[in-house]
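Chains: A, B and C, in written order; residue numbering restarts at 1 for each.
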Amino acid sequence: MKGAAVLFDVPGPKARRLSLVLSVVVGLLILTGLGWLIATLAAPRPASGGLALPGMFDESRWDIFFGDPEIWGYIFGVGVANTLRAAAAAAVLALILGVLFSLLRTAKAGWIRIPTAIVLEFVRGMPVLLMMFFILLGFATGSYLAVVIALGLYNGALIGEALRAGLVSLPRGQREAALSLGMRELQSRAFIEFPQAFRQMLPIIVAQLIVLLKDTSLGYIVGYPELIRVTMNQLGSFYGNRYLFSFFIVTLVIYLAMNLLLSWFARWVARRGDSGRRGGRAAKPEETDPGLAVLKASAEARQVPQIHQ
Amino acid sequence: MPVDAVFGNLDRYVESFGVTLLLLLVSGAAALVLGSIIAVMRISPIGSLRVFGTVYTEIVRNTPLALVLFFCAYVLPILGVRMGYIYFAFIGLSVYTSPFVAEALRSGINGVPIGQAEAARSLGLGFRQSVGSIILPQAFRMVIPPLINVFIALTKNTSVASGFFVFELVALGKELANAHGNAVIPVLLGVAVFYLVITVPLGIVASRLERRWVVTR
Amino acid sequence: MINKKLSLVAIAGATLLALSACAGGGGGDAGTTAPVEESPEFEAGTTMAELAEAGSITIGTKFDQPLFGLVGPSGEPEGFDVEIGKIIAGKLGIAPENIEWKETVSANREPFIQNGEVDIVIATYTINDERKEVVSFAGPYYMAGQSILVLADNDDITNEDDLVGQPVCSVTGSTPAAKLAEIGAVPMLTDTYSNCLEPLRSGAVVAVSTDNVILAGLAAQNEGEFKVVGEPFTQEPYGIGLAHDDTDFRMWINDVLEESYEDGSYEQAWNDTAGEILPFVEPPAVDRY
């Protein structure tokens, strides 16, 4: 709840002290847990054949990262580069398809609207993994195209849905004004309605693009050399199982860095977009669940006839 | 006939569908529980719980599911956790889904206008009464449609478990596609149909409920 | 034949003089001893002519199979399959640098051949009748067999009968996985063989089962921890996959393979790669069907 404080009485000194004590205690517990985790991982394990496997943070598991600078070139030059490449291409495709789908879905003619709706349900209901596999094997494209097309289609459908909700939630006056100026339906859509819908739904669209970046990792199933496949499959097989955990940590850190950077960028964009507008109409930045935001916009739209009567 | 690859293996399709369904139901239930705990943590008055909740959410939301499942299937055993791989999949999927559940819950509760809480307090209702009788019932309606969306996403995410020793629909698809090189499209279409059997009805339910329940003021 | 050889020598000499200006060190690749023909001649219209004309070939191989097809940070694959590919490309007059390597996972080998995404596939590709309906095979160039990998101090498992009812690790959608299900073991499936080792260590599976050469590679990477047990209990003839109707190309590749058996390049390729772990065995006779 915004202002959940209204539900509580303002905490007095005793309550505040209790809260502080609990905070410290819980904090210590969490740190102990983390410490145990790291200690257990770092401990050597007995293995068959009378060997002892070194701990996970032992130098022998990390030496290639320092000794073999070529590795970083491969990880970033191939793995990260391919991930970003596919994500960018799929993002562009998703945006184009999103516009297309929203146009088709809001078309006047039923024979356009209904088949589109069915196709979109199909695309949204299928796992992206399966779609990639399907495109790779069914249409025998390369792995790059399979990843880009599958991601573009799937996210295009979602973005299309968001744009549709944005269109629907615009005040009707905008369209009426455009038509009264003599614009045709398509012109009104293109120059008046879409730009506003886009701006309104921008935070959601950017959030969906971040999900798209994460989902490029699913490309491993079609053999696309994105980051996870490059580090954990290829290099993991090349250097041996001993380095698997190290590769996992490296991959995790890189992904976290990429995604967090993008999230912060998205939030910055959202804040910039909002600052020049009146409140109210724009989707709030914390509404990062696309489904929920679309829902709210649709719901708001249904209120419109009553309010603007 | 290529289509024989599908209909001849229908029993295996149903069996794998059962595994997918099991993954969805158990992970979904666990995600609901975990998500609620995280949501509560994030508004808790205890500082370190709030920090933990935020850090947990940021890390899990920005990690690809494949890496979460890798951690569960490979690192947990090193820490001494011994269980069947499907249990690791349950843990991984529910951990991955929990921040989205927490988000849906938080948005739903935020959607209840603050005037309701103020009115309840002005009537002299205590915390438990305000929340229990006034806030939660209204929040519940707002929360259901986004939660259904989260479950639709979870259904599709179960497919990633195919790389981690769980034999569900996609793993079956890979095996059949490899065995019957000339029937690849029917095999994969069969797999897709079984996913749609879950996701399409859920989607319809979600939009029906949205029409009936979600009202903004 | 002799004329061809003389003219080849002449051309080779001239080319060498020309190339010596620009060529750097050359021959830096690990284990590349496959000779590159200078100007091979082929019947017009055959695939060989097209490829030699184009000066490049696309070969599908595995990127994560120890000893046979493995990619390191250089981005270039290494392994026995890779060396065989270089021998074939060499006979087309294509230098190793001009080979385009594409990763073919088990599921996409046939579609890639069918739509021309790759020219040939050399990727621990087992020849079987069902696949022959979709693609054709040259070779076999190696006879592997499915075998079993266990922990070094596990003496309970000695052959495939001991696997019945036990969890055994393999790769999703592979032939060994299907075989495991057939003999009554419980297949536990993942994406890469390297991922099978951790469950083996933790006891979640009792063995890893796939082609013996891959197991040998895994065992060698983790000295002393694992061992390969039992005799191979299937026959996995590795072949070179190519388009279904391209008989000329297939027969030509078979010729190249037989030549390499004779002139020692096959043995050299083996010794440079898999031979570091496994003993050399005589190659199987090619099957011209």
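Going forward, a residue touches a chain if its C-beta (ideal position, glycine included) is under 8 Å from a C-beta of that chain, and two chains touch if they have at least 3 such contacts.
Remember, it's a predicted structure, so these values are computed and weren't measured experimentally.
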item: Longest centre-to-centre distance from chain A, chain (CA-based); value: C
item: Between the pairs A-B and A-C, the one where more C-beta pairs touch; value: A-B
item: Geometric centre distance via CA averages, chain C-chain A, whole Å; value: 39
item: Rounded Å distance between chain A and chain B, as computed from the means of their C-alpha atoms; value: 15
item: Numbers and ranges of chain B residues touching at least 2 other chains; value: 74, 78, 162-163, 174, 177, 184
item: Residues of chain A touching at least two other chains; value: 45, 133, 137, 220-221, 232, 244
item: Numbers and ranges of chain C residues touching at least 2 other chains; value: 107, 111, 191, 195, 198
item: Chain A to chain C touching residues, read off their complex; value: 45, 47-51, 53, 68, 70-71, 73-74, 78, 133, 136-137, 140, 142-143, 220-223, 225, 232-242, 244
item: Chain B contact footprint on chain C (complex, rising order); value: 106-107, 110-111, 130-131, 133-134, 169, 172-175, 177-178, 187-191, 195, 198-199, 202-204
item: Residues of chain B defined as touching chain C within the complex; value: 74, 77-78, 82, 85, 162-165, 167, 171, 174-175, 177-182, 184
item: Residues of chain C touching chain A in the complex; value: 63-66, 70-75, 102-105, 107-108, 111-112, 114-115, 117, 151-154, 191-195, 197-198, 201, 218, 221-222, 224-227
item: Interfacial residue positions of chain A with respect to chain B in the complex; value: 1-4, 6-8, 11, 19-20, 22-24, 26-27, 30, 37, 40-41, 45, 56, 121-122, 124-130, 133-134, 137-138, 214-215, 217-218, 220-221, 228, 232, 244-245, 248, 251-252, 255-256, 259-260, 263, 286-289, 291-292, 295-296, 298-300, 303
